[in-house]
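One structure follows; several queries about it will come next.
Chain IDs A, B, C and D follow the sequence of writing; residue 1 opens each chain.
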Amino acid sequence: MFIRPDRHNSYERWKPKDDVMVEECGVFGIFMDDRRYDPAEAAYLGLYALQHRGQESAGIAVADGRDVKFHKGMGLCSEVFKDNLGKILGGNISIGHVRYSTTGDSKADNAQPLVMSYRGGKLALAHNGNLINSSILREKLEDEGAIFQTTLDTEVMASLIARQSRHGILKAITAMMKVVRGSYALVIMTQEELIAVRDPLGIRPLALGKLDNSYVVASESCAFDAIDAEFVRDVRPGEILVINKDGLKSYQAQSSMKTALCVFEYVYFARPDSDIDGISVYRSRENMGIKLAQAFPIEADLVSDVPDSATPAASGYAAESGVPYAKALAKNRYVGRTFIQPSQALRERGVKLKLNAMKRNVHGKRLVLIDDSIVRGTTSRKIVEMLRLAGAREVHMMISSPPVICPCFFGIDTPSHDQLIGSKNSVEEIRRIIGADTLNYLSIEDLLKTVEGAGCNFCAGCFNGNYPVDMKEALKETEALDLATIE
Amino acid sequence: MFIRPDRHNSYERWKPKDDVMVEECGVFGIFMDDRRYDPAEAAYLGLYALQHRGQESAGIAVADGRDVKFHKGMGLCSEVFKDNLGKILGGNISIGHVRYSTTGDSKADNAQPLVMSYRGGKLALAHNGNLINSSILREKLEDEGAIFQTTLDTEVMASLIARQSRHGILKAITAMMKVVRGSYALVIMTQEELIAVRDPLGIRPLALGKLDNSYVVASESCAFDAIDAEFVRDVRPGEILVINKDGLKSYQAQSSMKTALCVFEYVYFARPDSDIDGISVYRSRENMGIKLAQAFPIEADLVSDVPDSATPAASGYAAESGVPYAKALAKNRYVGRTFIQPSQALRERGVKLKLNAMKRNVHGKRLVLIDDSIVRGTTSRKIVEMLRLAGAREVHMMISSPPVICPCFFGIDTPSHDQLIGSKNSVEEIRRIIGADTLNYLSIEDLLKTVEGAGCNFCAGCFNGNYPVDMKEALKETEALDLATIE
Amino acid sequence: MFIRPDRHNSYERWKPKDDVMVEECGVFGIFMDDRRYDPAEAAYLGLYALQHRGQESAGIAVADGRDVKFHKGMGLCSEVFKDNLGKILGGNISIGHVRYSTTGDSKADNAQPLVMSYRGGKLALAHNGNLINSSILREKLEDEGAIFQTTLDTEVMASLIARQSRHGILKAITAMMKVVRGSYALVIMTQEELIAVRDPLGIRPLALGKLDNSYVVASESCAFDAIDAEFVRDVRPGEILVINKDGLKSYQAQSSMKTALCVFEYVYFARPDSDIDGISVYRSRENMGIKLAQAFPIEADLVSDVPDSATPAASGYAAESGVPYAKALAKNRYVGRTFIQPSQALRERGVKLKLNAMKRNVHGKRLVLIDDSIVRGTTSRKIVEMLRLAGAREVHMMISSPPVICPCFFGIDTPSHDQLIGSKNSVEEIRRIIGADTLNYLSIEDLLKTVEGAGCNFCAGCFNGNYPVDMKEALKETEALDLATIE
Amino acid sequence: MFIRPDRHNSYERWKPKDDVMVEECGVFGIFMDDRRYDPAEAAYLGLYALQHRGQESAGIAVADGRDVKFHKGMGLCSEVFKDNLGKILGGNISIGHVRYSTTGDSKADNAQPLVMSYRGGKLALAHNGNLINSSILREKLEDEGAIFQTTLDTEVMASLIARQSRHGILKAITAMMKVVRGSYALVIMTQEELIAVRDPLGIRPLALGKLDNSYVVASESCAFDAIDAEFVRDVRPGEILVINKDGLKSYQAQSSMKTALCVFEYVYFARPDSDIDGISVYRSRENMGIKLAQAFPIEADLVSDVPDSATPAASGYAAESGVPYAKALAKNRYVGRTFIQPSQALRERGVKLKLNAMKRNVHGKRLVLIDDSIVRGTTSRKIVEMLRLAGAREVHMMISSPPVICPCFFGIDTPSHDQLIGSKNSVEEIRRIIGADTLNYLSIEDLLKTVEGAGCNFCAGCFNGNYPVDMKEALKETEALDLATIE
């Protein structure tokens, strides 16, 4: 599901529906060759490490060669499985999913993995990404007689796979890949097999690991560390990996001239201890700080960060500039993830509940403050105000990425155009709105240099509006598509 | 519901598996023509009155001409909607469902109404009954590419409807009715219409009511009283009722030479204040007691009942026989419906937690005790023992229905053959097992006399093994069926 | 805590405080001599049988000769102990308590047993009843330096006991009994002993039972049946029973010229299968019906009851009058005890959610309807209306007790004077308000005949305002009391 | 309550009781002079900022001049008040408490504030600290007839205050302070007053703030920032502050030659953005790192920290030594505070669930790793192992405090002697156990230099066994005490 990028174009069917959410997620899958882990426990550990990719719901499905069991629910994986992991122990394959949503309308019905029966038996799917043509595909499938019980793209992919399943699961997945457009890091489980699929552009990350003779796939490599598995390689864009008792087989279902890994994974989303497509997330962030220091040298007394994601960048800035690093903001570690304050007066305090200015450190100081991005600008404005009240003499804001000017249609939750401060304002206007003395953003060029050497190209659509898929074209094609001709 | 265990055997495939549940349920639907009730509140009141038909899960879906909202969950309707009714207020149509299960394995995923999108928009279904050929139909639909996310027959019916929906919902429902075999009292809601469907044999009850200009359908007439609606008539076997802003239209989709309303509804399941197909449930039970008194006159000091369902029968027995009525057993009103005792020692006390013999009433007395049925016999044995310990001189057990000798395949949860005491033992053997001085069952003939005058014939399959559907034939036909030919 | 009976006297300190509730409760205690039951399981079974005496909170405390463990919480005992009974297994003594409240302000802090440490070690108390001088005693104790953490009379009694505990527990209890006035069926547990105390007037019931060599005490005899114990005798008014490893000892601490067992226990509160002070509750209710039939013969077609407590009286009426008995009202068995409807519109339906008129039984009939009492009159009015709408030709209301004209100060929750319909209206006025054709109440004389032969006198204060304690005198005495002189 | 420090002394009554816990807590109180905040909301914000001082339970009590309302429960304050803050809105004074416990036996009954009625009306207390003579005092109070319903020292203090309350609350508090020994930062509320008390040694912190004309007290100054209040000064050791509608009055109830603020507050417990007794916690930690760098210069490639409390020290070490700072360990931000893993296998993974080595940063590197303390040593051993597996060439552990060799008896939860690695092993032995290349601890002298300039002396009892109270003497005195002589 996606949000129409432009109110004035002709794609009326892009119109966002009320019950549709754009989400970021984490996926995990393991095929155990031995008894080192129970598959559900391994999935739990993996999801636990991937929890930053989604805190709204969690789920695990397990296969034992004959049947599939699963449990899923709302909340952190530790909450969801507190009393329920025992129900899904046993078997030799598992897949898992964590899901993120910023809205209160989130529903248990949309938790994943999606488990179903189909011609071939049982099928479970866990998906990270976003299809841009799923609405049209849903309609075409409905025209054929299909029913849909969720608003998930995953169900559209499942329906497309089931539709072709008389040819076997591999051909069915290949057929599905021919018609869907967008991003998908997809983990599929049948009773006997674990299958990993990454979209032809490689927009969302997906990595392959190994633990003795057991194979594991996950959105980020930190999930491998969580079970002491070794990173093997990233799943290739357009690749289908099939893992079963005969081992691992790779099929290159689709290939693309140019890949388009989401660069925002490095800026904000991924965990610093993960490597994605060959690049250390921490190192890339540190480099963002170094580039900022090189591009925007400022006479200052201290450099600090908005905790926690900007910390490596601040560290890099300090090292490169020689300006000493110190904490300007203390973070309350007990701010709950879906924390709703019990009264309106409290909700209005907003970021002040989470961050507190370190008066002793900032009083009378000229301060460089690094943040990873500015989305709506309200948080930045309050932070600058807080620092000034604490006595900061100057506040120089540095952003370790370019201004976000466009929404994402490929799996990251962003507000619409009119709520993106970077989409409507010049840098100078933003500086005035947030009240900083100076404001500087990392250039796209510098940002891309921090991920240089990766085994792929990048999507920086949110920064420049250049999406890796020609959306108009893709929708037109999909509309013209006769599903009956797909093999 | 049951799953075909083996594609290649013949009658054995009917055997219910452990993980399969045969359920009894209650359904409700209303199309509000005015503002007298909010549709969700009306459904709530209706389900509240139908709660005896299912205590495991409850759900309500509401339509407003454009969209469908719903909420469902595990537990009594008062629990499920305690904090959630507000979410589904508004609109002008609602349907609701309560569901029963005796097992602990019940899943939220199987709660109804089942809500989905299909070619025509939104579709919600609530079903009471059981299809005997759903396994085969599922396979055929899966062979066509369908996926199934629940184990409900309702999903099979929905899939069949969606498959034909290009012809409009009415034709699609008619087509579905051509292929499914078994019992269904089905309430369907689209964005704009309320549709009620009863299977051609009329196995499960379904009634039509009216409140000013608003139409209402429900499993039992007591749900009409709950909203001050008037009973209009029973939905006819094989009838489709379509209710929308233009009023009510009736279509006779299927007809059968002989109808087969479940007689056990009168014996035990329905509420005494309901009328079903023209017969008062209370009155029929009272008559069962009268017939017992006529058939089995016994010299006794008092007649009593196993509370609560046998009370009208005991009352009838007392009136006819002249033996005074008094309570022999006190019932603990706080025994929870899904009450699991917190320790093994407590669980072993069984029925003693629920019933206590009234020593003062039974001591030294010759007692006629009326119960509605004996299923496994264990409860009856404990009750007789309890009464003897309390000093009863003689215990004459009378059952207001014949011995249950066969499982039900049409929507009532019964144990399998080998667990039915009546299936393996003569009446004399049962008497010895439960320890009564005498034991007498109402004859089928007498039972059917108590429902004489109803506008239908009856299924007494659990008492005589004569099921209203030739199951072998139905399965053979279904297997031979080519779905593609169905219009 | 208590409610001032008369606005015009001078006892300003009687004024009820907002957070004070007058409650009815059930108590249980057992000293296990063998391993037949775990003491916590025995208490659980006992409380389960006494659940009708209080559904708001439940608690059990267990002693093992050295220490006391306990668990208590809000809700039915099956809810409170679902996951918690295991925590208090072991030991050889237990006491338990269930508590009732009609208000929503009930607090967990007021759950019992109250467990504390004192000079002698650990002390646990469970109390049914109400002290009329506890406010004054609290103040006197506070003047001495005591603190109070609940609003329970039980804590006042505990404080008084602890104050004298240097003389041993028996003398301390005797000293407490000298100063408190009101009703108390009190079960006390130390590390090694079980102690039962009944107030000198015997206002609330308390019985002694035996199971092999284990002694058990409980509010009603039905709790003995629940553990297969035998009823031995009622605890005598003013008696202290001390049960320990040396067996049972009885001390007559106080005696009164005239005892005053609450007659309302028979009318409504107790379970029909209990015997209290020698009288069967069921039999007394049946006799109430017989007396009504003798006093008020009416030409009618059927006699019925408001379920469930009036059923024995209706049965007695039917037997005596020859008018046939049949159900006029069906009760929804799934109305939760603390059931709050999820919307205002639903709450306004009131008793219609719980009861439904049996149209088929009452249509065109002249009906005698028996209820146990009329408190505010609103329920009766709705019931009569419901029956008339269902077609009843005449509704003759019979109440199996006299009009309630005064509040209770001894442990039963009653509304204040101005909310008691019987306190402000003549019988004829009440008849008009509730809309019945005739209305008749049982006379006090007839009521007392139904409990004739009991080993005690009765309090009928709610019916005639004659309380067994001279409240003004008692309060004056208590105010004049110098606690320091109490030994 | 406390743990006997020495198995061989004679104070057998020190023996820890099973149900007794040594805890660290946070307290807050506010007297609102205007309507800027609702008192309950202000307390909520304060507790939210103090959440790091205790995550087991939270509570708030509110006074309005006539009565006291309160709510408390298990969990974070955001959890406890999610649905309950509304119940305690209104009034003009509030106090709050957060409580910490490492054991699973924690009970709701021990949550604070403790609210009670006493001679003077209502009294609410919130306490941070630990009395060493409370067991003896409890016994003496019990001998006088007192009862205790919790195991809290707070209840002992309340009982002592109530005992003397005929002289007014101020004299009663003064009398209490004469007999209790140990640490207490105590916030007391009556219907009309807010009172703050700090023990004569000033062991636990307590500060005074102001917001316009409203006074506020809290364990740490970060709670003032949370409501935009100004820090005024620390409450003085032995001081009683009484705040009411007439403003603030100070009484010096007790004074001591030497104060003894807990130095561990700076090392680990307090929030970095708090100032305590004139010293910035962040700055002191940074100085600990600087002192470490000066004392133990090491040739290394990078300096890092065990997140999060050691981060300022690592920052100071890096600045002073010139060794670059980088993250060696990534922390999982979703590790719940009372997080219990759902299976044994998962629990055994321990710290690996929480921390992950940053391979890219540490591979081949010589690493200085700063932690704030080593308690049992098991975590440090696993961290060193994890870093070596990630390829660290050398791991040089630096601890920003001296070895913990003695348990704390003044309010911080520490294991007993035999579980403290520093109590039984030399530094070299510890180094070998944890597997580091070198291990260095900050000296007490250097540690005390980092808090130089504070307005007080320090307790470093956990590092050197020199407790600020002669415990044997204190217990002997208390035993000899005749409570009756205390005025």
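Criterion: a contact is a pair of C-beta atoms (placed from the backbone, for glycine too) under 8 Å apart; a residue touches a chain by one contact, two chains touch by 3 or more.
Predicted model, so just to flag it, every value in this text is computed and none were measured.
Peer 1: Based on which chains touch which, give the shortest step count from chain A to chain C.
Peer 2: Each step joins two touching chains, and the minimum needed here is 2.
Peer 1: For chain B and chain C, what's the span in angstrom between their mean Cα positions?
Peer 2: 39
Peer 1: Rounded to the nearest whole Å, what is the centre-to-centre distance of chain A and chain B, using the mean of the C-alpha atoms as each centre?
Peer 2: The answer is 47 Å.
Peer 1: Suppose each chain is reduced to the average of its Cα coordinates; what separation in Å results between chain B and chain D?
Peer 2: 61
Peer 1: Find every residue in chain D that makes contact with two or more other chains and list them.
Peer 2: none
Peer 1: With touch defined as at the top, which chains are paired up in contact here?
Peer 2: Between chains, contact exists in these pairs: A-B, A-D, B-C, C-D.
Peer 1: What part of chain B is in contact with chain C in the complex they form?
Peer 2: It is residues 37-38, 41, 44-45, 48-49, 51-52, 55, 76, 78-79, 81-86, 89, 222, 225-226, 271-273, 275, 280, 282-283, 286, 308, 311-312, 315, 319, 324-327, 330, 332-334, 336-337, 339-343, 345-346, 349, 352-353, 356-361 of chain B that touch chain C.
Peer 1: If you look only at chain D, which of its residues touch chain C in the complex?
Peer 2: 114-119, 123, 138, 142-149, 155, 158-159, 162-166
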